[in-house]
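In the two assemblies presented below, chain A is common to both, partnered first by chain B and then by chain C.
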Partner chain A sequence: MNNYTLVAIIIIYLAVLFYIAFLAEKKRQSKWVNNPYVYTLSLAVYCSAWTYYGSVGIAANSGINFLPIYLGPVIAAPLWIVVLRKIIRISKQHKISSIADFISLRYGNNRFLGALVTIVCLFGTLPYISLQLKAVSETFEIMSDDTSYISTTVIDDSTFYVALLLAIFATFFGTQNADASEKHKGIIASVAFESVLKLVFFLIIGAYVTFYLFDGTTDIYNQISITENFKELTTLSGVEDGFNWLFLIGLSFMAIFLLPRQFQVSVLENNREKHLKKAIWLFPLYLLLFNIFVIFIAWAGKLTFGSTENAEYYSLLLPLENGNSFLATLVFLGGFSAVISMVIVSTLALSTMVSNNLIIPYGFLDKFIKNQPERNSKYIKSIRRISIFTIIITAYFFYVSFSKELSLYSIGLISFVIIAQLAPSFFIGLYWNRGSSKAAVAGIIVGFLIAVYTLVLPFTIQAYTGTDDFTQYGLLGVSELKPYALFGIDFLSPPAHAFFWSMTFNLMSYLVFSLISKGNYRERNYAEMFVDSKNFSTLQDSALVWKGEAYVSDIKSVLVRFLGEKRATRALTIFFTKYKLPQDTQLADARLINFSEKLLTGSIGSASAKILIASVVKEEQISLVEVLKILEESKENIVSNKVLLEKSKELSQLSSKLKDANEELISKDKQKDEFLDTVAHELKTPITGIRAATELLMDEDDDMPKEIKAQFLKNILQDSDRLGRLIHNILDFEKLETGRLNLDMQYHDIQKTITKAISSISQIAAKKDVKIINKNLHVFSTNYDEDRILQVLTNLLSNAIKFCEPNTGEIIIDYKLGNEMVEISVTDNGKGIPVEDHDFIFDKFYQSQDQNTRKPQGSGLGLAITKQIVDKHNGKIWAKKGLKNGATLVFTIPFK
Partner chain B sequence: MKKKILIVDDEPNIVMSLEYTFKKQDFEVFIARDGSEALEILKHHIPNVVLLDIMMPNVDGYQTLTHIKNTASLKDTKVVFLTAKNKASDIEKGLKLGADKYLTKPFSVKKIVSEILELVT
Partner chain C sequence: MKKRHEQKLVVLSIALFLIFNVPFILVFNFEGAVFGVPTLYFSIFSIWLLSIVISYIVLKRHYE
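Presenting the complex of A and B:
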């Protein structure tokens, strides 16, 4: 393919990525940017050019040995829910911006440790980045030059420009904010997009090779299985290989947590903890898909080309060999995607570390204290930008001078082994509070030196001296010191060997130093918080053990330099409000110190933050006894706070109960007033009738006709009866409601009582021509006050009659035995009870709102009294709901 | 010409006494058992006075009064409340709505007659 075409494709592709990143930054809150899928895909930054090209190479050369690098992460994934969640929580709380920050904070904001971790990460990552550049360069050459793809004698400048473009991309989207703990949504979105591309393109080429160039997987297998060495490459040969596998799995297990780029995407760029739940199965699935075709492409390449010299690029060479340059371009772009995301995320992570843990704490702090806030933020950004360019360019030169000699796979493993040196202080520090900063420093240095000696030094020396004496005979000819067979262990592959020894010494140093050296109070304090991260969230600001003298104004002036006047003031206001301190507080306490350090951590790293704050406060030495006391106090505080909180909850519950009671009293008073009003009105009506009729009858001048006289007399009688009934009911109701009524419980036959009730009401029923049917004629005796139950029955029956149509009215009275109770029902075929009235019909003086009828005759107390009587018998009364027509009132009398 | 009176009350016994009394006073008597019946009658007749209870089903006394006050043809019709509600606030409300008189139950028949005659002559 033409060079220019290829460059054009690269530039167009980069433009697309820029656009995606730009869109994501613009719509930071969009669902497209913040979801578990984007999170999972961003984790796939793990699959770099090493995966894309290197796996095929290793599969061709040494069979299934490419697998352990993916098995580690697969094993790690389920543990994320526990481990990664803890790390994410701590990081968010402390605005941590890199793994160096994380480790240094765990060991008490140790400045040197932060710098050390940064250096280890630089050593571990720079060759890795150069590996990516190597892949770009070599694939570019393969794509552009169709005559001799093996030759790499001329440094192709295009790689340098690609590196520069990547640096620009990382700078643009990586340093928008001075606070490095802010999310980089643009970069993450583009990484997710690239993860999709590289997987899809790799699957396409895999399917193309397997099913188009060959006749499916069985075909490839049948062909390859007759070649020599086949068996060796597909099986684990003995214990040695088993150890190799074990160590490589362990190595990749650590890498998925510790690689700066993985820490960046999995911890720092995590939006929500719950995204982890999807990631723990989706990410292993991604890795699985990526590895499906690896072995087949490797075999197909071997069958096609015979040699394994360029095995890493089989996926590119196979389509080119068959004249399919379109597919080759896709593969190239997929690999390019893998490169871009790895390089950008790695440099982003490294530049933050370099600026926050190396440059700022070791040189620029004094300058910052004197500067204006705007300039500080500019400085911080400039430092990061320069770091990004420096890192990428350094990686480029590393590639030029070293990487050409090495395979993608071996450089990748060197990186892994170096980064793995962080494992003891990182993992053990999370769960063991004794781990101290001295131990972490010692472990990392020892492990790092051994890794360099056993893995980096041999090929470096060989590159410079041109002989392999060092590897052959060991340092100064001592055979125990052979770099690939330290102390006589010669059966492991170099990376597994280096990993084994460096990790052993690292771990031992860490444990021994932790046991013999106790950290200072600050360290122990942070250790406690990291290990006990559940309590940690409640301890929060007050967790810092600190004694000394500090003024709010001094601390504020430091904050202003980095956050600006507005943000600093706002932060302090929030702080004072949170802890209920007066806004003009002058003396700072431990909480404010801790709070301010946290605020600064995102911008300049935790070690620098500590140094900066320490520069304006007078800290006093604090003894171990005091530390323990303060810790104990803060724990007690939490406990007493909890007790207080509970008490105040109880109080507020009590006061709300009081309020309810008061409201109930008021409403009772109101009800009482209404009750009296209604009673008065009800009493006045018959009295009015009686008075008027009497007056007319008494008028002797009037010669009233006899029949009218009789009618008036009859009215008087009627009204008197009504008055009497009303008074009786009111007294009855009053008695029932105040609970002064004693029931006369006797054995009675329910059938007889029903019959009595019917006969007492039969006259009124006959008048309206309403039929009353007594359905259940069985005899059943139980305990109740007959007079009262009779009252209930007559009330229900007369109510039913009242609402029945004359002539067609029909009432059914029925009873049945239920669970330890008699259930008696009165059903009529009248107009029914409106739904909205169901809950109120048993209230005193309640009259339906839907008054289409005459005002019902009666006191308005009938059903209220009925309910009181039933209640008194421990029974229940209700109106059946959902009837189409008519009404059914049911009540129960329990028996035991 | 005979004076006309409309008696609006839902208690038949009370209505009977009033009816007898005003017929004796040579009134033409109309009877309604609630507000809606009263309004129906008022469509066809223009009485000199309406004797109005307040607590009645459907359309109560207040609504009936408001309706009368809003009907041009009834502008000369006097309205007298006759009710058991005798609290000061009730009386004030009734008069504010425009009732000409506010009488309470129980009542003296003679007193009612004199009050009504005072209004219509």
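Presenting the complex of A and C:
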């Protein structure tokens, strides 16, 4: 393809990316920018040119070793729910803007540690960026017709210009805000877009090679499996190889957390914690899709070209070989996307670190204090912009001097090993509060030096001297010091070997130093905040222990320098309102110190923020013991607050229960009163009758006719009968209602009981000439208290008789079986129950309206007692509604 | 998400670590192919996919 066409394609593609980033910045709140898919796709910045081209190279040359780079993240992904979420929470809480900030803050805002982490990250990332440039340059060469063209100077090397374009892109979207903890939505959106492209194009080329050029996976396998050394490509060669494998997995496990670009996208650019829900399963799926066709492209290339010299670019060479330059362009663009996203996110992350943890705290602070706010933010932005350019250009020169000889894979692994040196202080520091800053520094330095000795030095020396004496014979000819086989451990691959030694010493130094040297109080304070982040996040600004003399006006003047008058005043107003302090507070407390440090952290890094604030306040030294005591107390306060809250909840529940109970009692009492009133009234009526009759009999002894006398005596007898019945009923009812009655449950035949009830009442019925029909003559036996059910039946029957017309009255008693209950009904053809009475007939002393006009015929307790008895049997009783004439009363007795 | 369900994912991660490393990985370490995919690759990819499905189910059910 023509060189100019290719350049035009690159420029058009970059323009598209610019446009996407621009749109995303403009619509920062849009759903298209803030969703879990964009988050997951931005994590895929992990798949750089190394994945895109390097994997195929490894698969063709040394087999399965490209996989552990992805297995580490696959193992790590489920852990994210615990680990990454904790990191995200802490970072949000402290407004952290880079991994250097994160680690240095954990160890008491240690300035030196932040700088050290930055340097390690620089060493780890520069080769990585140069790897990307190498891929761009080499693919460019392959794509252009001019294969003999070799750039001799920087000026006519197209890679240099590509690097510059990337730097401009990163500068434009990465440094819009002086506060680096702000989100970079434009960059993230373009990264997500590129992640889609690179995956889709890689899958397309994979499918093209496998199913178009060859006849499916089996075809490739059958052809390749008869070639030499095939076994090595598909299996591990034994336990020694297994160790390499293990260390590579460990390496990539750490890298997915620690690589500056991964920290940037997974932690700093995380909008919502819940996006993790998707990312945890979607990201491994993305990686899986990316790896499926790797072996087939590698083998297809091997079969087509014979040699594995240019194996890394098989995915480009295969379509070109078959004359499909369109497909090759797609692949080129996919690889280019992988490069752009990696380079941009990495430089963004690195430039923040370089400015916030290296340049500003070590040189520009004094200047900043004197400067005007507008100029300060301008300065900060320019420092970052210059850093971005410097980083990319340094990476370019690294590529020119070293990377040409090295494979993508080996450069990538060098980066991983160097970055992994942060692991002990990062991971252990998250869960162990004793890890101290001295130990972190010692561990990182020791590990870094070993990694340099065992991995970086050999190829550097070789590049300069042209001999491999150093690797062959070791330092000064001592064979124990051979960089690829320290102390005779020679079975590991160089990266695994370097990882093993550096990590061992790093880890041990970290652990041992942590235990020997006690950190100072400030360190321990931050350690507690990180380790116990859940508890301390509720403490918020009070989590920082601080004692001394400070004035709000001094702190405000520092804030104003970096945030500007308006933002500083607003921030302080918010602070005072939040903690309910008067707006004109003069003395600053620990919370304000912590709050202001956090405010500044985003702009100038945590170390500088601490130094700046410390410069305007007079801090008193506190002993470690005191710090721990204060922390313990505030934690206990939280706990006891929680306990108090729970207690008060319980109490309020209890009081509402009491209230209910009280109301019930009051209503019961009222009912009782009403009951007594009614009982008294009911008792008074017959007594009045008796008394009146007796008086008459006594007064007019002689001249009363005998019949009248007899009539009076009969009345007295009737009334005392009624009185007796009433008292009996009241006692009975009382017994039932207070639950003092125990049922005598026996196995009886319901039919016999009905017959008994009918015969006991038959005299009364006969007197009124009412017919009683026992309809269901079948035998059915169940458990119940016969005497009581008899009482119920007689009651219902006598009621029925009462309301029947003489001579024509007819009562039907019937029973049916239902679901685990027997339903007994008593139906009469009397005047029926008025609709308005239906709900009340079972209430005690309820007498139907029209009965008031006559002398009441019952005690008013009959149906109430009946209901109580049925209830006691766990049955139900009701009057059927909607009957045209007559009444039907039904009750049930359950059985099992 | 309740602690218990978070721990399901942690255990998944531990299981993956064990199964992807020696000596477990050597169980699948022999020649041969399934649908043209060598056995070792095929087993790793299957376990990989399985872990995705498991995390998906756990998160779908229990993430609040």
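Miscellaneous remarks
We adopt the following convention: the second predicted complex is superposed on the first by the 623 of 896 C-alpha atoms of A that agree within 3 Å, B and C clash if a C-alpha of one lies under 4 Å from a C-alpha of the other, contacts with A are read in each partner's own complex, and residues count from 1 in each chain.
Rule of thumb we're sticking to: a contact is a pair of C-beta atoms (placed from the backbone, for glycine too) under 8 Å apart; a residue touches a chain by one contact, two chains touch by 3 or more.
Just so you know, these numbers come straight off a predicted model, no measurement behind them.
Look at A:L676: by the touch rule set out above, it reaches neither chain B nor chain C. In the superposition on chain A, A:Y221 makes contact with chain C only, while chain B stays out of contact range. Contacts of A:E695 after superposition on the shared chain: chain B is touched, whereas chain C is not. Judged by the number of chain A residues each one touches, C leads among chain B and chain C. Once the two complexes are overlaid on the shared chain, A:A207 sits clear of chain B and of chain C alike.
Of the two partner chains placed by superposition, only chain B is touched by A:F712; chain C is not. The intersection of chain A residues touching chain B with those touching chain C, taken from the two complexes, is empty. Remark: chain A residues 64, 67, 71, 74-79, 81-82, 216-222, 225, 231, 234-236, 239, 242-243, 245-246, 249, 274, 277, 280-281, 284-285, 288, 291-292, 295 touch chain C in the complex. Taken together, the chain C residues at the contact with chain A in this complex read 1, 6, 9-10, 12-13, 16-17, 20-23, 25-26, 29-31, 33, 35-41, 44-45, 48-49, 51-53, 55-56, 59, 63. By the touch criterion given at the top, residues 10-11, 13-14, 16-18, 20-21, 24, 33, 55-58, 84-85, 105-110 of chain B touch chain A in their complex.
Residues 680-681, 684-689, 691-693, 695-696, 702, 704, 708, 711-712, 715, 718-719, 851-855 of chain A touch chain B in their complex.
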